[in-house]
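Below, each structure is written out as structure tokens.
You will see two complexes here that share chain A, one where it goes with chain B and one where it goes with chain C.
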Partner chain A sequence: MSLWVDKHRPKDLMKLDYHKDQAVRLKSLVQQSDFPHLLVYGPSGAGKKTRIMCLLRELYGSGSERLRQETMHFTTPSNKKIEIMTVSSNYHIEVNPTDVGIHDRVVIMDLVKNVAQTHQIDSAGQREFKVVILNEVDDLTKDAQHALRRTMEKYVSTCRLILIANSISRVITAIRSRCLTIRVPAPTETEIASVLHAVCKKEGLSLPSELAMRIAKSADRNLRRALLMCEACKVQHYPFTSDQKVPEPDWQIFIRDTAAMILSEQSPKKLAEVRQKLYELIIHGVPPDVIFAGLLKELVCNCDMSMKCKIASYAAQYEHRMRLGNKSIFHIEAFVAKFMAIYKKFLEEALGDVF
Partner chain B sequence: MQAFLKTGKISSTDKPSTSGVKSTKKKAPAPWVEKYRPKTIDDIVDQGEVVQVLRECLAGGDLPHLLFYGPPGTGKTSAILAAARQLFGDITRERVLELNASDERGIQVIRDKVKTFAQLTVSNTRPDGRPCPPYKLVILDEADSMTTAAQAALRRTMERETRTTRFCLICNYVSRIIPPITSRCSKFRFKPLARENVIKRLQEVCKSEAVEVGDGEVLHQAVDTCGGDLRRALTALQCCQRLLGKITADGLIEVTGLVPENLVDEFLNVKNYNELERFVENFLMDAYSASQLLEQLSERVVNAGHLTNKQKCVISEKLAVCSHRLLEGGAEVMQLTDLGCTVIMANNNP
Partner chain C sequence: MLRPSKGKKWFKPVFDLDDNLPAKKIALDSPKVKSQDDVKNLQFASNTNIFNNVRDSNWMKNFDPVNIEDLAVNNKKVLELEEWMKNTCLKSNNNILLLSGPVGCGKTASIQTLASKYNIKITEWITPLDIEYPSEYGEYEFKEPQTKKFLEFIINSANYTSLVDNNSCKLVLVEDFPNIFMRTPAEFTEVLTQYKQRAKSPIVFICSESHTDTKNTSFNLFSSSLKEQFQIHHIMFNAVTLTGLKAALKRASAIMNSKFSSTYNNPTNEIIDSVVNSSGGDVRSAILNLHFACLKGSTCNLETSIIKEKESKSKTTTRRKKNVSNKFMTLGKDQTVSILHGVGRVLNPKETVTENGHKTLTHNPKDIIEQFLSHPSSFVNFLHENYLPHFSGTYDVDEAATALSDADCMLAEWREQICQEYGLYTAVSGLMLANKSPVPAWNPVRGPKNMKVIYPTLQELSLLDPNVLYKGKTLVTDYSTYHKIISS
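Up next is the complex of A and B:
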């Protein structure tokens, strides 16, 4: 019994639900003798991984689906031992180099070298290269990215890289210009709704189109989240009704509550309470940038234009500092305090005008 | 047995042909950029003066220390590689040490590797007895990413080993090279390539790759999107050819990751915060790159007729700040929102 997301994941390039012309192009790419390095980018839940797995299947046949997990060990130049989880088949290996933090450079160099130096056993009809899939390339350190660019050229005859990123803003141009970049835009709401319908049909359920549309709307154009929500809906209440409540991710509600707290009162005492909430969010593993974006979105709702600008500019500033530092709570709190100060001043001025 | 002998015979007699097959097979995956890299300095597009000077140096057989600078894709690396090939012929490999930013290049490497390489004396004849220049060449590509300490370590080495070694530094920004180094080299500036020359070159490549590009329209587009960077233009054309099987204007935009012009316009004309929020969300959901938008926006703002100078100043300043923050890893949502607010405010008070 697996989740719908995994169960109904398309396995063939031709069976993808959207971006069909792109799928056709990818297929024709595979059929050419020459296969470039790929850089696949798009927001989460847009189907990057699905496309890549389909592509691998197209390249190597069903053998690429027999996966095994392995832990690999590396030693950094400073003699620190690190280990990292990899998922691999006979033809490819997938790794998430950001798991090891600042030592990602070692992992990339050693791993690619390892893979590249073992040649495929030469049998007819096989590709002469293996594939290395690197996740979250945009979060790699600059060092690692520079190391990548040399390795990419050096081992091009025996291995191909498929890089996955959420956005290419943080990928250095030298890598971008060495790869064939493939943009995977998030599916539109109608596309999500039609996928939901198709999945429900396969499960033998009937889904009212209003509900499908509402799930699609609240999923932020993230297909994975939409499918999970749909499954949660089914667990909560089946048969579906069109006015059924769509469960929202609880951290979203939590952030909204926090924002409401900040808006209700601006005082140091309240700030201390807000801190508790923020800590709780961080402890539960909600990424700080998501908290930041959520707070900004909620907080600016009842401000006028000039204030919105001010707040947005401060948010950008504090968020940037958060990236440079390593204690995110400080920066989120600083932003909250700043907002309180601005908002309080604004309220007092508005009251002053009234009297 | 018979078959074995037979195959042995064939392979020995037809050696040139099999190696020919092999080389074409090997050539197939080569990027066009490498495949069509100029072989001699006379093949270099544009850059008349530089080529002139290099040619005279080569004729005299002597080479000063060189410093090439200029925007990417203008032929700096190609020029020195071609010159090296002409100087050293088939012993290029032994005589040239090429280091670029992806190699380890801290002060330690300069002290050990470069210095020991530079100290070796070489003869003025080749193994086969023909004469060749009695020095070696160290090419430091992307020298502006070297640390100042590493550059400083280089200066004495450069002087002391002039007898046996010539250095060639290549960089985009000459201002990042420390003055003691620049004063030791003869400097050459590589100009951005002229449009018609780039197009001519692209046409030649397309012709020899047997790729249909139609009239010059698409190539013009390619040049526009790449702004005088021949390497980028070639890579874009090749990607487009691989992905779509033909080269079209839309395909070029897609493979180069450019943001469509109408989105840039939309961002500049956003009226209020809600609209901005929606725009930013959609923009990121469609997986366009924020840094690319900033780049295109900067060009658009500077050339925009409908903005006053004051507005341009305000927007450009914010653009610089946001671009810096993005580079250091700031979230795209935040930076775009911030910039968008500035644009709205600027539009409201001319």
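Up next is the complex of A and C:
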């Protein structure tokens, strides 16, 4: 039994549910003999990976779907042994270079070199290049990105890179200009609802359209999350009712609790408690930018318009700094402290007016 | 001295007496009889200028301890060492002893003094150069591996008695470890096994401890399992205490007075105090500093610097004790502050009011950052972990947190050295200035939290397709919650 998300993933470019215009263009791109490096970007759960897998199938046929998992070993210049998980078929290899942290440069250089130096055996029937898929390119270190730029040029004849990113603002311009950038926007709520209906139909279930809309709304335009929510709903309560509870991600609840703590009391002692909560979120792998967004959303609910502006601008400032810095906790904490200061001042002034 | 001919290799170590001989003479004879070197020193000194004496390579030996009472080491440690020596050397066991401690705490001196007391002959290994000179025909000799040389040396010197020496007890001393053991500790185990089987005398290893673990031989080479396997006795020396140092310096100044009055000025108590304070428990450097401070001819220079320092300090500091410890600025080691101490200074900023009503911080932020320039980010992490309990006002915390956030941005720029300094400065002075009403309570200092992210594994999420590469982030944000519900 596999999850609906994986089970009902479209395998053909022509069977995609939305952005059909783009799919046609991708198909015609593949049918041409030449094919540049690609940089596919868009928010999480928009269908980037689905499109890329469809593209590979279009390129190489069903052979690209026979996947196997492999652990590769690399040695850094400082003689540290690192290993990384890869998934590959005969025609492509996929890897998350950010899994190895600051050693991502070694992985990129060695992996691309290895792939590029081995030629396809039966070049007659197939394309003469292999494909390397790199995930989370925007989280690569600058060092690795520059290494990527050089390898891209060097091995262009035998290997094509497909880079996946959430936002290209953190990808260096040199890479952006060497790739064909393809944006995959998040699906709209109606698009998500229609996908949910289609999946439920395949599963032989009937889904009330109100529930589909509610799931689509709470999924934050993330199709993956919407499908998971829908399946979870089915497990919790079937037959569906239009007013049944849609389970939220647990980290979202956790962030909401944290925001409530911040609003309840503004003192250094409370900040210390909030910090423990933040540590917990970060250690469990919730991305810091998601924490920032979640906190901001919850905190501004209790503010008037002028304060909302102020707080949002501070949040933007600290989030930007977090991108520049190393330790995300410093900046989230600074934002919380800033909010506490502003909110406390506001409360004190409000109290002063009463008397 | 007595260098053997090159061909007879096994013979060499036994005769290698170079430096030990003169030292032994002082030790064996009563203190009043001077060794050749000393006589030479005196003649030079009394004859002409002081410079000859300074250049003499052996002048440090003048101050070597003669009796056990002269040692600046803690009495109990000396007793422990003496016990071991009595038990093993005199009974000719082949036990192994490991002596460790910070530099200049008297490890070698203790061994040598005790050895001379019990008439034990010490043979020390000194790692030879690997490069050998070509023979007459321009060919290079076959080089023996370092391990083999080392093993041969220690076993030969443990088993064979020197011809010029009629002592019966022997002791092998290793202070200078061949580099090969740092790379392959397994070979060291092999050497020790061989030694245990074949040798008839005890062996002593001396390791200087440094603050960083990576360079710590006693930790890297002598693992606890190794110590158990060979029943190595481990004696740890601490840095010399202030009283111990003072006693040692008094003794040195007495020697100065009695023997070298032409070379040295009589050290005043003040000079001795400042030498003690600036040496940080290191006898060797203390003696060096004393030598430098008391040299005739250079005194006027030093004295002015001392007085100047005193004047400037007495304005700002309230406590007299601190004055003395800071006095020696041109000599000795830097005054070191531990990281916890530094954190305390930043988080409990103390203010002093000067005569004209200005408020200044007791500990200048600039002085604090100078101590931690070599590892700015770890210091800032310490500050971040500990600053909250010291703050009482919400507005103050806001300022402090912003300062830390600024500092982190600057520290992230590792390509510019100056950015590291600015980052540290921003964090330190930001925290010190923001804290307008510090909480007086004592708070334990905690180490920075390990922020390694732990993503859920595929084993935990059994429903996922094993042949798809999932991203850690999406596993956390999307899959983990719903996987729990769906699989239940």
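Worth pointing out:
The criterion applied here is as follows: the second predicted complex is superposed on the first by the 336 of 355 C-alpha atoms of A that agree within 3 Å, B and C clash if a C-alpha of one lies under 4 Å from a C-alpha of the other, contacts with A are read in each partner's own complex, and residues count from 1 in each chain.
In the analysis below, a contact is a pair of C-beta atoms (placed from the backbone, for glycine too) under 8 Å apart; a residue touches a chain by one contact, two chains touch by 3 or more.
Everything numeric here is computed off the predicted structure, so don't read it as measured data.
Shared-chain residue A:Leu180: touches chain B; no touch with chain C. Judged by the touch definition given at the top, the superposed model places A:Ala341 against chain C, while chain B stays out of reach. Shared-chain residue A:Leu205: touches no atom of chain B or chain C. When the two complexes are overlaid on their common chain A, residue A:Pro43 makes contact with chain B while staying clear of chain C. In the superposed model, A:Leu324 makes contact with both chain B and chain C. In the superposition on chain A, A:Val286 makes contact with chain C only, not with chain B. Legend: residue contacts after superposition of the two complexes on their common chain; A:Met72 is shown touching neither chain B nor chain C. In the overlay built on the shared chain, the residue A:Val246 is in contact with neither chain B nor chain C. Of the two partners chain B and chain C, more chain A residues are in touch with C. Residues 324 of chain A are contacted both by chain B in one complex and by chain C in the other. Only residues 28-29, 100-103, 231-232, 235, 239, 242-245, 254-255, 257, 272-273, 277, 284-292, 322, 325-335, 337-338, 340-342, 344-345, 348 of chain B touch chain A when the two sit together in their complex.
Residues of chain A touching chain C in their complex: 1-3, 6, 44-45, 67-69, 85-87, 94-96, 99, 135-136, 222, 224-225, 228-229, 231-232, 235-236, 247-251, 266-269, 271-272, 275, 279, 282-287, 290, 318, 321, 324-327, 329-331, 333-334, 336-338, 340-341, 344-345. Of all the residues in chain C, the ones that touch chain A in their complex are 377, 381, 384, 388-389, 391-398, 400-402, 404-409, 411-412, 449, 451-456, 463-469, 471-483, 485-486, 488.
The part of chain A that touches chain B in the complex is made up of residues 25, 28-29, 32-34, 36, 41-43, 46, 146-147, 149-150, 156-157, 167-170, 176-177, 180-181, 183-186, 221, 289, 292-293, 296-297, 300, 305-306, 308-309, 312-313, 315-317, 319-320, 323-324.
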